[in-house]
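Below are structures written as structure tokens.
Common to both upcoming complexes is chain A, partnered first by chain B, then by chain C.
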Partner chain A sequence: MAAAVRGCGGVWRRVWQRGAGGLAPRGQRAAAGSARGAAVPAGKSGPAPWVPVVGLEIHAQISSNSKLFSGSQVQFAAPPNSVVSFFDASLPGTLPVINRRCVEAAVMTGLALNCSINKRSLFDRKHYFYADLPAGYQITQQRVPIAVNGSLSYSLCTDNKMSQMVTKTVRIKQIQLEQDSGKSLHDDTRSQTLVDLNRAGVGLMEVVMEPDMCCGEEAAAAVRELQLILQTLGSSHAVMAEGQLRVDANVSVHHPGEPYGVRTEVKNINSIRFLAKAVDYEIQRQIEELENGGTILNETRAFDSKLGCTVPMRDKEGKQDYRFMPEPNLPPLILYDAKSLPANMSHQQVVNIDWIHERLPDLPSVKRAKLVEQYGILPEHSFTLLNEDGLTEFFENVVKQTQMKPKKVIGWILNDLLSYLNQHSLTVKESPVSSSILADLLNLLEKKEISSTAAKQVLVELWKGEGKTPLEIVKEKKLELIQDQGALEQICQAVIDGQENEVMAIKAGNHKVLNKLIGLVQRKTQGRSNPVLVKQLLEKKLLE
Partner chain B sequence: MRALSLSRWLRGAARARSTGPGRARPAPGPSQKVTVDVLDHLEHLALVDFRDSEGVERLQKAIQFADQLHEVNTDGVEPMDSVLEDRCLYLREDDVTEGNCTKELLKNAREKVEEYFVAPPGNIPLPKLEERETYLQSS
Partner chain C sequence: MLRASLREVSAALKEGHVTPTELCQRCLALIKSTKFLNAYITVAEETALKQAEESEKRYRTGQPVGVLDGIPIAVKDNFSTAGIETTCASEMLKGYIPPYSATVVQKLLDQGAVLLGKTNLDEFAMGSGSTDGVFGPVRNPWSYSRQYKEKSVPKSHPEDEDSNWVITGGSSGGSAAAVSSFTCFAALGSDTGGSTRNPAAHCGVVGLKPTYGLISRHGLIPLVNSMDVPGILTRCVDDAAVVLGSLAGHDPKDSTTIQDNFKPFELPNLTDVSKLSIGIPKEYHAPGLSSEILALWSKAADLFKNAGANVIEVSLPHTRYSIVCYHVLCTAEVASNMARFDGLEYGHRSDMSKSTESMYAATRREGFNHVVRGRILSGNYFLLKQNYENYFVKAQKVRRLIANDFMKVFRSGVDILLTPTTLSDAVPYIEFIKEDNRTRSAQDDILTQAANMAGLPAISVPTALSERGLPVGLQFIGRSFQEKQLLTVAKWFEKQVKFPMIQLEEVKRHDHGVFQHQKSASFS
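The block that comes next holds the complex of A and B.
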């Protein structure tokens, strides 16, 4: 997964145009209706450019022991219907009782996303019929959610080389607490649906983002950053593969200066990579449809990851009327801060926003800034470090155990270690090379006992995970740099004696030929000579 | 708490009287019927079947009865949506205290397959008005 991805041409809204070979996003810079003019290529009176608009609705499963309104366990992949309470099954006579931990998780997330926390929020019922919603309604927060008006900053690279990063912001409309539904397994052969209520009632935070994004890459980067934030806070594990983070994308296109187009909702997106693909596909589909004179229906579409396209979803019947009504069984949720703390209430019944704010951990953006400052690495390096689970820790451990400067260490971490891990699809925790082993290797290099080429050879051996130390491998494969200056001088002399023509050229002033001699010495020593030292010795012999 | 809510209601009514005989809206008389479109919409949403003219008439009467609420002037009064509004929402500790009653839950199921509830496939929306047999078609 790319830590930070190529973006939509910097600050300006990206503009899509029909190119010669079909549709392709162009990195042209044109704001809607700006004085610079629309990005139509000079000399062509082609079709007008399109501005895509992307908004996201994200559901994050709250990391808690029990569910939002009942005491049954939150557990992934439990035996069917084994972690279901009477309330989750909507049996008559049961009532919702809110879980304090879920409230705290929502407050933490709201604060991390710069939201205003509503000290008084309300619960509502959203009615619709579906087999996995036994009550016939979902308890959510439609009128007054727990947090509103926040923002999320994320970064994109403006070019292929990942050397220039641009920070973008997407506004967060609101965060609300709501119940998850159960799971339906469709059995088409027997024309029935099997229902498992284990997930019914699990707490969700719905994060609603304003349509401030304009392409798949932006959407993916924003979601990735949100995922990192949630994982840092611990309010959600946010693992998409386990359904703990679900993203629905709302996509529309319009011409600059015109009102927004009809939007479609895209569901069934199972990874961040697929999110980018789904959004980009949908943008292209809408542009093609409109340019061919068609119209866009306000419908819900599913992303088919195998075919890489979106298809209309069968089950949705036009616009739903959810008949929202206040949840009569739940009084308003009241939150307090340092000023409004009630005197006579048990601590257990009080959620103090300021108390939670003081205890927020360092968010990813802060962690990255600290890494850059402390170790002198580049910002894009800090992105990669935070993006791989455990990589920051690994890097810091190596730095602690070696004399090599962090700026050099980072190269070994990102270019060598990480590429090996990716090639073999391993996580940092599964690495056969531990941080101390790598530190040992880098120490040998730093002390000039081996050359950098030799170090890479040692790493290949270490990767086999046979338990040998770097020093053992160096000795085994005779990779040590020759330390005996006398022996080295002899070899240099031997080479000089054997290359009369080259020697004459050097003495005549052509110093570049020296490199050929250095190369010959390297070959004679089987790579075990320090090129800097060899150059010094040769120069001493020939030019004095 | 009950006393508080009651007094609030009385205050509301008193306010209505004191600000004059203004009524918020005239209640729709028996001449204002619920349209077939609305009835069809309701049948879709709530999956009820009005079945016959008596059922529809009962609905009309229920609406008329509820419309009496309009006789109270509620200008400037904040709507109350729960008698619990003055209570504190009780916060429960995040402990696992329920679950593990698969057998009991499945006792209620008409059909089950290996501890899953069985339901008809997907969502079967009510067919459109023209396509289904309903009393509403003739009205």
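The block that comes next holds the complex of A and C.
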């Protein structure tokens, strides 16, 4: 793997330049030139290159039983307005009471992202009128958030093959706790707005990433890594399709050595794939706009996934003054560590940062390193294993139950299992073939009872999920290797007899042709012959 | 009977001299015959009688839940009461019936109190006269007292009688009038800048504003969250201690309450004040302070001095900035707190349906009076990005200085501060409305709101009648969470001054009780 480099001013900065064929991103890798590590033009002369700058604001819904400041349940897809407390509906006189679990989730996330945890953080009110914001303000942490100054390392491929991976780092500015809003449904035909407050008051962690990224791919990789971390911690389910992870991208472009350009904020991005698309589209749009003599407005734009482009958001026009004010109903949020923990106070009464730190699970980067070390698999394979929920566990279970080397097992997992699952849009948990069945199959292969060709045939049967064991299928389909050497010799002889030209070529020294004969034997035996043995037999007959 | 104190009537209930239902009925009857005071917005006759009946059952089985069992009380109409309309005297909340009760209300009910109704106030508690609510002004019961009539109403012009009535002060004027006119034995008010103490002083009752954080605000519809405190209005200091004991302590629903549980106390009868140090803050000799009140104030100081207390002049140098800072902080929080009234979830909603925004605008224009709208406007101005530092942050800094002033004085050994509660006695309504709400609030809160800025406990104790026959109260300010000391001193003072009882014709008709102890000698 390539050496880790910081995203900001790093050496792998993509250069975007107007090429002969238009404005396509050319993705050249530029060597670090100047002290700032700014991009170097890909072409020798011509117009100055553009350096795109991408920062992200990510809202992760906290996975908790109840909301951030009220006791009502957090439930995805509950009937409209069925999980709304008096506080969530902002009934007058109700007060916020902070949910410990949400605080702990934020501390955990902060620690996992190498942040400093503020032992004293504050809540503020952010005011704006909107139908799904019943109080007319959101409680957030504008002045002193719970965690600051962290970093996130993520890896991405530098070419289309998985083998060239590079690790980058994006700085985390802060993590703040805040309330989610409800949902508004606009019925234009009846000119009605329907409001569902189920989501109102659910805890959010807003993770603010510094503008250390420079293309959609980087943004996507960073968000993917964050998503994995959140899921590993259990601090958020972080499913984008369910709105548990929402990403806004701040995008600008400038010439190397010049100050950052005017940025736009792109919203409405609901998948990681669309994030990459939206960012790249916005970069291109800005470059085009500027090269045509236009200017970039500091505006909020929405990504239209159908059209694949960003459009200005109408309802966000005009400058909003949020009239921030300290939330008077919540005292400062005080956290403790082992040193400051008051005597006779346990972690159940107060939030103890050290207690949480000691119990952090292995993060994805550590898990990957362990997989590489323990099983001798390639780093990129470890990425793939972690990328699918449950795949690592599946792999490890297979390894436990088979004599086959993990290095060989990984091939079956990634090439056969994963591609089947992807084709059929199944999750690992939904796989019709369990880890023990796959292990049984691989054991047959390992014990040379079947050939790998036969093993693939068995797998095809197994996908049907009819409850047969690999051995049963092998027997039923008569796929076991021909153990009778005499019979195999006869088949080899028959092949030799039918292929005069090939035999002559082999005898003349073209040994490659032998493979053709091996193939023919395999075909004749319907994959039931051991290719190594066949090769030996053929060689014996032809070359001795 | 109705003129008895809470503790006296509680004893009478216990001894069976009167039943909770009888007591409740008498109070309800008196509420009806004093309807002209406009003290109540809602009289919860049915539920009150039911609660009285429940209480009666408990007494019959010899299992009353405590001192408050069967005691008729009233609650200011900005506390949420489950099943009973809670209006804040605003068009915005007319018809709003909360699905839950404020913690303080629930605590009173849990202890057997009988909730007679919801009392009148200035809209959303914004005012100092109880004159600016959508249900009209509250009339001070003392306007109809023999004491006031004898001294003030020109006998030759009986037709003037109606225009001569005086205000209660505010914004908890309804609660003060209710206690003062004997329609209930205790009432809850709220106190943000003096809203409990001010009407208490004008209506001749005890008004206690406890330390911020001692009593839960959950369910109190907020004015200024960082200063609001539920207030207690009673006939005497001992009663205030009883009610305080039943309300104070941690509430898991209000994160700003103290963590500890509160231990209710009984007030000792102080016999020796020689170890006390009473501070007289010179800044409270404010412009506009009537000579009459000034005289009473120094007389009270002399009273302590003559009894052996150490009475010293102290300085709270930042007091003069207090009212303007209060204005900035109050309006800013008001602007924020009022944002929720958009007509969507509850309360008034305008018919305007052109767009969500136009509906909001029309709802808020129709629902709020000009006072509320004015405060929202200035509050939002102070919170604008370009103004925040210059106004809000600066005001917060000065607030800290004001709190520090008090801390320094208390640290120097002063136990209690003695000040006037109001600049003068209550003025006639027709005089009062000559000035606008903002001017009035700035004048009337001047002596009281600093205690809110600092979060300190303060109590107004009825002291004497003015030359016009109207009550005057003096204020004691204590150390944070030192309510016991504060109330003990207030009780001693109360005993010395022998404030006269109000002489009301209506009450005499309703009351044929056993507690006709006329207090004769009086302080003035």
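Please note the rule applied: the second predicted complex is superposed on the first by the 467 of 544 C-alpha atoms of A that agree within 3 Å, B and C clash if a C-alpha of one lies under 4 Å from a C-alpha of the other, contacts with A are read in each partner's own complex, and residues count from 1 in each chain.
Following the convention adopted for this analysis, a contact is a pair of C-beta atoms (placed from the backbone, for glycine too) under 8 Å apart; a residue touches a chain by one contact, two chains touch by 3 or more.
Just so it is clear, the model here is predicted, and its values are computed rather than measured.
In the superposition on chain A, A:Lys456 makes contact with neither chain B nor chain C.
In the superposition on chain A, contact is made by A:Val103 with chain B only, not with chain C.
Look at A:Asp188: by the touch rule set out above, it reaches chain B but stays clear of chain C. Once the two complexes are laid over each other on the shared chain, residue contacts for A:Lys524 go to neither chain B nor chain C. When the shared chain is aligned, chain C comes close enough to touch A:Phe324, but chain B does not. Once the two complexes are laid over each other on the shared chain, residue contacts for A:Ser72 go to chain B alone; chain C is not touched.
Once the two complexes are overlaid on the shared chain, A:Ser90 sits against chain C while remaining clear of chain B.
Using the contact criterion defined above for the overlaid structures, shared-chain residue A:Phe129 touches chain B and also reaches chain C. Touch criterion not met for A:Arg273: it reaches neither chain B nor chain C.
Comparing the two interfaces of chain A, the one with chain B and the one with chain C have residues 86, 89, 91, 97-98, 127, 129, 131, 193, 195, 321, 323, 328-331 in common.
Here chain C touches chain A in the complex through residues 79-80, 86, 88, 93, 96, 98-100, 102, 217-222, 224-226, 252-256, 332-333, 335-336, 338-342, 344-346, 356-357, 360, 380, 383-385, 388, 392, going by the rule given at the top. Taken in their complex, chain A has these residues touching chain C: 86, 89-98, 125, 127, 129, 131, 134-137, 193, 195, 321, 323-325, 328-331. Here chain A touches chain B in the complex through residues 64-66, 70-73, 79-87, 89, 91, 97-103, 122, 127, 129-131, 184-188, 191-197, 314-315, 317, 321, 323, 326-334, 345, 348-349, 351, going by the rule given at the top.
Contact residues on chain B toward chain A in their complex (touch as defined above): 41, 45, 47, 81-82, 84-102, 105-106, 108, 113-123, 125.
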